[in-house]
Amino acid sequence: MSDRTHVVVIGGTSGIGRHFARSCAQRGDDVIITGRSEERTKSVAHEIGGRTRGLALELAEPERIAAALAEVGRVDQLVLAALDRDHNTVREYRPADAIRLLTVKLTGYTEVLHALAPRMTDDSAAVLIGGLASHRPYPGSTSVTTANGGIGALVRTLAVELSPIRVSALHPSIVSDTPFWSDKPAAREAAAAGALTGRPVTMGDCTHAIRFLLENRAVNGVNLNIDGGEVLI
Amino acid sequence: MSDRTHVVVIGGTSGIGRHFARSCAQRGDDVIITGRSEERTKSVAHEIGGRTRGLALELAEPERIAAALAEVGRVDQLVLAALDRDHNTVREYRPADAIRLLTVKLTGYTEVLHALAPRMTDDSAAVLIGGLASHRPYPGSTSVTTANGGIGALVRTLAVELSPIRVSALHPSIVSDTPFWSDKPAAREAAAAGALTGRPVTMGDCTHAIRFLLENRAVNGVNLNIDGGEVLI
Amino acid sequence: MSDRTHVVVIGGTSGIGRHFARSCAQRGDDVIITGRSEERTKSVAHEIGGRTRGLALELAEPERIAAALAEVGRVDQLVLAALDRDHNTVREYRPADAIRLLTVKLTGYTEVLHALAPRMTDDSAAVLIGGLASHRPYPGSTSVTTANGGIGALVRTLAVELSPIRVSALHPSIVSDTPFWSDKPAAREAAAAGALTGRPVTMGDCTHAIRFLLENRAVNGVNLNIDGGEVLI
Amino acid sequence: MSDRTHVVVIGGTSGIGRHFARSCAQRGDDVIITGRSEERTKSVAHEIGGRTRGLALELAEPERIAAALAEVGRVDQLVLAALDRDHNTVREYRPADAIRLLTVKLTGYTEVLHALAPRMTDDSAAVLIGGLASHRPYPGSTSVTTANGGIGALVRTLAVELSPIRVSALHPSIVSDTPFWSDKPAAREAAAAGALTGRPVTMGDCTHAIRFLLENRAVNGVNLNIDGGEVLI
């Protein structure tokens, strides 16, 4: 085992996960990113460069997660950033899509910890990415809000069960420079206007916060909003 | 339609749900209880008496919920009390059991609201039963904690989406006189000792709180702990 | 000592406190209301009728509270509803007014509990009235928001210290039919529009909630919002 | 004005405040620390070294704060760490001491922001130090718990009022290497045992977290616990 930091980013092929993975690679960490498609994941790993490897992983099938992660070695820092963009409402509810999202973000995330905890050390830490929808629902967020509320509690049981491994969650509002939002200027501008800071949340802000949660040795079991203060107004 | 209050209790064959249903029946309400087994549900409905009917419903199969609730008429008060006692830990995780619990309590509850919302009026209200495990994990509560955290957020999106219908949640600690706990004296005594009130939480306390949440016209979207203050210490 | 319930309402000459006191008097309780002016307090007590007495009390002078409450006998239910309408902002801050408000709502409330706790029984309960401004600041709410945040924590330490006496808080948004708001139709209408319930919060809603918090034997140490769900959106 | 970061630490002569001030001085920042005693404050400023100046400030007299801070220039980062160790209980309550603590931590902190906000820029940020007692009362914490609850709400109104200036709070449990706790080994060991991380919180952890809250441009209006996860169990 090297002295390098070993980082695993679940859902590392785009958005916040990819941004964080790249910042790690640039520091010289050993990085593994996962994504649904093996081809795309390996291609993104190559783009990120440094010591980055890609691994195919489908969180919607938790029974297969452990096998897919078999080749992962020591894990110092684990980031769970995979998501499933389910647009669902209670009035026009599609249960199958909701089950899929909840499986990815709740059962899938937990199964990743189940599989990787034996490869983590007493100094390891994990960060789960939730979302502000937990506290601020928006049209179509029925299952996203539910999943993010589940994340908020999941970090509490994981921090207790995996002690002394630290586990926390980051809950972003709209992150303006992700591929998903960057071509939706109206939503992005509304988010910036809603933030008390007068500027939108960026992937850089999120990477900075993820690193803080991973590295601070006394912050544990917390849910941190990163929203520019939007939830206050 | 009669002037009587029409109450539906999902998971009404035992525990808190049954206790609440009986209190409604004794007031003369029209009550429908649901349970997994048609035979047992009808039998419990008969025991409860008054204007109580039993209906078989399996929340673990959300696609079939709407059909199973087809014969329900107007709904003034809806209580979602069904549960699934999954003992799970991240160290020895069984994803299939976790998925089942999350499906029952999150997707299943939401699908019940989807099916019944059109039969609710502007004055109707719903109460979801979560649990204190959301904030206070215990050994084996991995998926219970996660589900109850999801409930905490679910009431927020439901209150927004179904406005002006009111939706709140009640989060009990161990309820000492339910069938599940009444033969576990050590756990019951520990819960009573942990409560600042020096007495255990009872089904009667929960029924009183559910009725309050259903009837107060300005309390909405809240998560109310009922734990004797246990979470403070 | 009689079998009647002995109720003390601090700040019982108007608004929520007076409304709750009247509902108690109509049930036949022994009621003591307090207010700043002895004359006005006795006059309101007479208007409320039943077994209601008035007592002068100035919460802004905590050192004198114990003496002013010397004649109070057994206390079964205690409601702390006194307030001080301080309009303050950080940009044009008047520290003396802020200190006065914080003294009334935080030190004054605590001193009332200090004075009356020896006259409470194991079955007694107290409710403190805070306000939604704790979580949703509005222009001019600098010290009101701060005080209500203090109330939110104060119930936690009081519930622990006075165990098994129960202590909780109610946090209303604008209560439309109080004397203060009833002549401000624009603010009232905005509050009703902000509520998911489509109707404004009333004193009757608050009295119903206060009674619930006082009477439910397992709800303890909680902060309950009563806002029609306004805080969710 | 120089390009250096201008830092003001209120309560910078010992504990967390001093530790943070020293870390700033070592980076080359322009640092002003305040303390009650002019002599001691100037002496500590000299010990810290770098570009550190000491300024006498008594938060318990808010009317005099603005004058005492008159010579402070531009403020990029403001940390409010001053405290008043009031041991108080509701059973043996000393209102005058409670008023003093609440004045220092709530009115005093707000008045500092009132005085310094005009010298802050759109990119400035402030961090208030509260404490875990807000959510986890301990014997003697009556007014400390209340004050820290007030801090929790104060950051919300300040973030709204001072937008786009960012304002957040850090809530530590026992910080083991402060002068106050370092000679109380039993309490320190209990705190380390209570932390899920198995190690006590240090001033270094707090400085790391304060810097994060000051520097992350999208984290705003949050209350961050730093307790090793103690509040979860």
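In this document, chain identifiers A, B, C and D correspond to the written order of the chains, with residue numbering beginning at 1 in each.
Rule of thumb we're sticking to: a contact is a pair of C-beta atoms (placed from the backbone, for glycine too) under 8 Å apart; a residue touches a chain by one contact, two chains touch by 3 or more.
Remember, predicted model here, so these are calculated numbers, not experimental data.
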Exercise. Hey, what angle do you get rotating chain A onto chain C on C-alpha, to the nearest 5 degrees?
Worked result: 180
For this session: Average the CA atoms of each chain to get its centre, and name the chain whose centre is farthest from that of chain C.
Result: A
Problem set entry | Interchain centroid distance [CA atoms averaged], chain A/chain C, Å | 43
Exercise. Between chain A and chain D, what is the separation of their C-alpha centroids in Å?
Worked result: 31
Exercise. Which chain B residues touch at least two other chains?
Worked result: 137, 156, 160, 232-233
Problem set entry | Residues of chain A that touch chain D when the two form their complex | 122, 156, 159-160, 163-164, 166, 172, 195-199, 201-202, 205-206, 208-209, 212, 215-222, 224-229, 231-233
For this session: Could you please specify the touching residues of chain A with respect to chain B in the complex?
Result: 62-63, 65, 89-91, 93, 95-96, 98-99, 102-103, 106-107, 110-111, 113-114, 117, 133-135, 137, 141-143, 145-154, 156-158, 160-162
